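Each of the next two complexes has subunit A plus one more chain, namely subunit B in the first and subunit C in the second.
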Partner chain A sequence: MSEHSLIDRFRGRFEGPNTIGNSRGFWVGFAVALAVAFAYPIFVSNYQAGNLALFLIYAILALSLSVVWGYSGVLSFGQVVFFGFAGYTFGIVTLNIQSTVGIMMAIPIAVGVATLVAFTLGYFMFYGKVTGVFVAIITLVSTIVLQTFMAQTAGSEWAIGKAQLGGFNGMPGIPNIALGVGETSVAFSGKLFYWLCLVLLVLSYFGLRALTNGRFGYAMVGVREDEDRVEMLGYDIRKVKLTVFTVGGAIAGLAGVLYAAWGNYIDPTVFSLTFATFPVIWVTVGGRESLLGAVLATVSLEWFRQQLAITGSEYALVVVGLLLLVVVLVLPDGIVPYVHEKAVSAYREYNDEVDRSVGSSTEEEIPE
Partner chain B sequence: MTSDTETSTSEADANRSGSKAGRNVRKTPAGNATGVDTDTILQTEGLTKQFGGLTAIDGIDFAIDEGELRCLIGPNGAGKSTLLKLITGHHDVTEGDIYFDGADITALSPHERVRSGIGIKYQAPAVFDSLSTSENIRLALQRTRSGDLSEAIASTLGRVGLSEQRDVPASDLSHGQQQRLEIGMAAALSPSLLLLDEPVAGLSLEEREEIAKLARELNDDGITLIVIEHDIDFVDRIADRVTVLNQGEIFREGSIEEIRSDPEVRKIYLGEA
Partner chain C sequence: MVNGVNLFFQFLDSFGFIVLSAIGLAIIFGMMGVINLAHGELIMIGAYGTTLSFNAGAPLLLAMAVGVISAAAAGLVIERTIVKRLYQRPLDSMVATWALGLAMTQMVRIIFGNSLSGIGLPLGAIQYGQFSYSMYRTLLSVVALVVLLGAYVVFTRTEFGIRARATIQDDDTARAMGIDTDRMYTATFVIGCALAGLTGALYAPALAVVPGMGSSFLVEAFVAVVTGGTSVLLGTTLAAGVLGTANAFFTNLYGTFIGQVAMLIVAILILRFLPTGLSGVVETVRGQMERES
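So, the complex of A and B:
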């Protein structure tokens, strides 16, 4: 009994009208999927685990856009700006302080820098009354400016301490993420790194579920649906948008740190136009207003794109582009919310049928 | 060109005439004044709004007493909605000042005005489609209240007669129900002044009756109301006093009988010679 209420209390924090999956059935499926994801590295090589880890990192980046765009209506191409800032910062700090302590320090510093950049950019946009498509334009321009800037930092004068920015050649030699106390430390690579990414992805997902289903989540959805209206309920929409944008920047920054540590390398392509549009594509295909959709679409799309690339096709991007077009035209709300809706109605029908055949009126939990 | 003094009959009019008389010398906001102005909840002084070359509101001195239910009427383009949007801060003023509860709110942003006690329901229904009826109310309530909101939500829903629709998505409500939901959301903030922009436009007679009853009830609870309305019968049913706007200026002010029988008003507003 007490076990039940504990689970209900736990679920209560993460459930609500703003996320899909508010039933026991969903959580059972979620637990199974999570168990499979955790078990995956046991059956594959370090290389394969590391490969999937990259998609998990991208999924964290996608979550950062889902919350900013899908939940608060602010279309940002700038998630890669915070991603790249954090990646470069992680590299600069770790190359200067080459120890476990340096790495452990670099993580919060890099995420902090990304957060600060997001806050600053967001402050000038939202308090400067920049809205709608102009936010998209400004964020897009930020990525282009950064790519152009970073691309010309090849000269030896572009160094911060021991860290050479490296221009188009990028910044090699970034260490793996390592945690430790004193002599003992653990470096995360291969399968271990995969598990780290998975844990951080799940934590981000749960954190955002709690955020979107909490009081602030209602304010976010209110801003997305009708800014004027929610302002007339006394909400400071600039503050709501800035807060979400900053949170999104922090999450994108976390992904950026993992990315730099994953490849032990970062270069200006993280600021490129192509890369900047990826999060928008992932989130659109998965379903803007679904955190889970963002994660699933990112992992599937990136896996798919890689398969195409490996088999020698140069049309990977074209195929992904076509898929985006089809989704936008046929399922504008994204694939995952559509599948979820179908599953829920099928489940309801099935339950009705069972009820009828049994002839009882036992109350079944109906997923929403 | 205003001729307010002609219509001064009631006690409220005496107050207004008094404030009018003192207008030219008084520079302090309403709340700092003594005597006749202490009941004034909202006052505008020389309020002007220009859109490019168009003067939508032309130096309006408008005042409303606490507890009043005032209707704002006037032909299309008279500036009614613009006046409302100036009061809420949706539009910036070109010239003039707005005082609410004794404080100058001219420079405040819309959400700050709402927090100081001004509620509004705009003309176009704008409920949050993706949320249920009760969640719409929750959104209104949660900013100022902590703890469990279910009781407050239930009482607000009861007040606007939407208890049975509590779990229905707001997008599935009828037009009339959406209007009531919106009024409920605005009222849930416990404003001291509530502005309603054409709350019965496009509603059936029955629905109009419900809104009229709701407006009167809110007024009885001590909320001052300003209602923009075209339907003169609806105005007749709810209003204490009526202000007629024409071409961005206050044309007349008085009781509904006075307004109805005023030949000038009939000419500009009711289209009668």
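So, the complex of A and C:
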């Protein structure tokens, strides 16, 4: 009995009206899906595992936008800025300190830089009373500016220590992520890297579920729904927005570190307009008020894009663009919340029917 | 050393570029509250319409008219099918027009390839002393002024402009007074798109005509709209003046890249310290003067 309530208390931290999937049925399905995801590399080659790892990295990036835009109502085209900053920083530090210690130091430094950039940009915007579409424009302009800036760093004078920024050609030779003490160290590549990304994705997901379902999460959603009212209740909405924006920047930064380590390479295309669009597409299609939706949409859309690219088709961007358009017009809440709602109502109907035919009430809890 | 005449031509060039980049976006935003993120793609359509018809043998001015009309037609379709449904959701209209822009760029790339053979820069150069500046690019700043003036006359001195502004101010009352507000929104959007097309048509001889060319106008357009403030025509003019000065001065001293950085720094300072934008400051000052007199 006590063990049961302990699980319930633990579960309670991750459940609430702000996330879908609060039923026992959901968690069982989640556990099965997770087990499949963990087992996947056992059955495929290193290459395929590495391929899927990239989608998991993108999913972490998508989560960062979901929390900033979907939950707090701040549309940011700039998640790739923090992503790219962290990736470049990871490259610069590891190319200068070429050891396991250097790599282990580079991870927090890179995430820290991304966080700091997000904090600074957010401070200027939110404390300068910039709101709504202007935030979107400023974040968009910052990606364009960074792309222009990084693209012209080809000359040898653009170097930080031993790391050449490389302009359009990018920065090659970034090492894999490695952890260890002294002589014993583990480098994460192939399947091992996939597992690392999966663990970090799951941790980010749970962390954000706890955040959105906690007290602060309610304040975030309140800011999204009605800023004036939340302010009347005594919250400093600038502070709420800045906090969320900074947290989002940190998560995007984590994804950026993984990205740079994944390809052992980073170049200015991470700041390009096309790449800046992708997080917006993933999150909108999946359902921006749903963390799970962001993850699922990212993995499936990226898989689809890659399949089209393999067949040599140039239509991937057209299809993805039109899909985004259709979702905004027809299903503004996104696909995953829509499917979830349909599934829940079908489940309820089925339960009602069982009730009527058996003539007794079931004690099964109804998922939200 | 700073050469005054050089600096002046540089300023005219920057000023014209900023005004022409921003004007279509600014009118749609100021009148409708919609940020049209397909703005760059409409400029691209204007440039493609111009270049394709020029290459097919049309004289340059006729080719430019084709460019403007194709962008206006595209704008009409976009408004009727997409933007119309999203008036109450400004962020969603951004995402939707953005999605459209992405698909349009890629479609153009698939149909016409990665570049078109360009139109040579017409009209030659102005010579002064040992320097020279492109006559055509200088002329563009005059066109920019004409466009600003034209927009001012249309929106303040004509029946249409008054109806359009009435719709913006209070669309319920405007409708009660017998104005077809839906048509006003459509017309405003199409005008904005036609102006974007004009920008594309005008810069088609001066820039490389490629599918992604729209994005090279976006920074100037957005920065001008954001720093200009709520009164769009005044705001765009002031923003182009201030930002153009910063850009021209630093470009002249240290090259185009530093020129752009200087422009952005000025924009950030304006945003941080003048939250109502440049036109907001002018209006506050004007209000104070009226109260004192």
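What to note about this one:
Everything below uses one rule, namely that the second predicted complex is superposed on the first by the 368 of 368 C-alpha atoms of A that agree within 3 Å, B and C clash if a C-alpha of one lies under 4 Å from a C-alpha of the other, contacts with A are read in each partner's own complex, and residues count from 1 in each chain.
Here is the rule we go by: contacts are C-beta pairs under 8 Å (C-beta built on N, C-alpha and C of every residue); 3 or more make two chains touch, one makes a residue touch a chain.
Owing to the predicted nature of the structure, the values given are computational and were not obtained by experimental measurement.
Model built by superposing both complexes on subunit A: subunit B and subunit C fit together without a clash.
When both complexes are overlaid on chain A, the residue A:324 reaches subunit C alone and has no touch with subunit B. Subunit A is touched at more residues by one of its partners, and among subunit B and subunit C that partner is C.
In the overlay built on the shared chain, the residue A:154 is in contact with neither subunit B nor subunit C. In the superposed three-chain arrangement, the CA centre of subunit A forms the vertex of an angle with the CA centres of subunit B and subunit C, and that angle is 70 degrees when rounded to a multiple of 10. By the document's definition of touching, neither partner reaches A:101: not subunit B, not subunit C. When the two structures are aligned on the shared chain, A:44 is found in touch with neither subunit B nor subunit C. Contact with subunit C, but none with subunit B, is seen for A:124 once the two complexes are overlaid on the shared chain. Look at A:187: by the touch rule set out above, it reaches neither subunit B nor subunit C. Following the chain A superposition, subunit B and subunit C show a smallest Cα-Cα distance of 5 angstrom. In the superposition on chain A, the residues of subunit A contacted by subunit B and by subunit C do not overlap at all. Looking at the complex, you find that subunit B touches subunit A at residues 88, 90, 109-111, 114-115, 119-120, 122, 126, 128-132, 135, 138-140, 142-144, 185-186, 189.
Per the touch definition, subunit C reaches subunit A in the complex via residues 29, 35, 82, 85-86, 89-92, 94-96, 98-107, 109-110, 212, 215, 218-219, 222-223, 225-226, 257, 260, 264, 268, 271-272, 275. Chain contact summary for the complex, subunit A toward subunit C: residues 75, 124, 128-130, 132-134, 136-138, 140-141, 144-145, 148, 152, 273-274, 277, 280-281, 284, 314-315, 317-318, 320-322, 324-325, 328-329, 332. The touching residues of subunit A, when paired with subunit B in their complex, are 17, 215, 218-219, 221-222, 225-226, 228-237.
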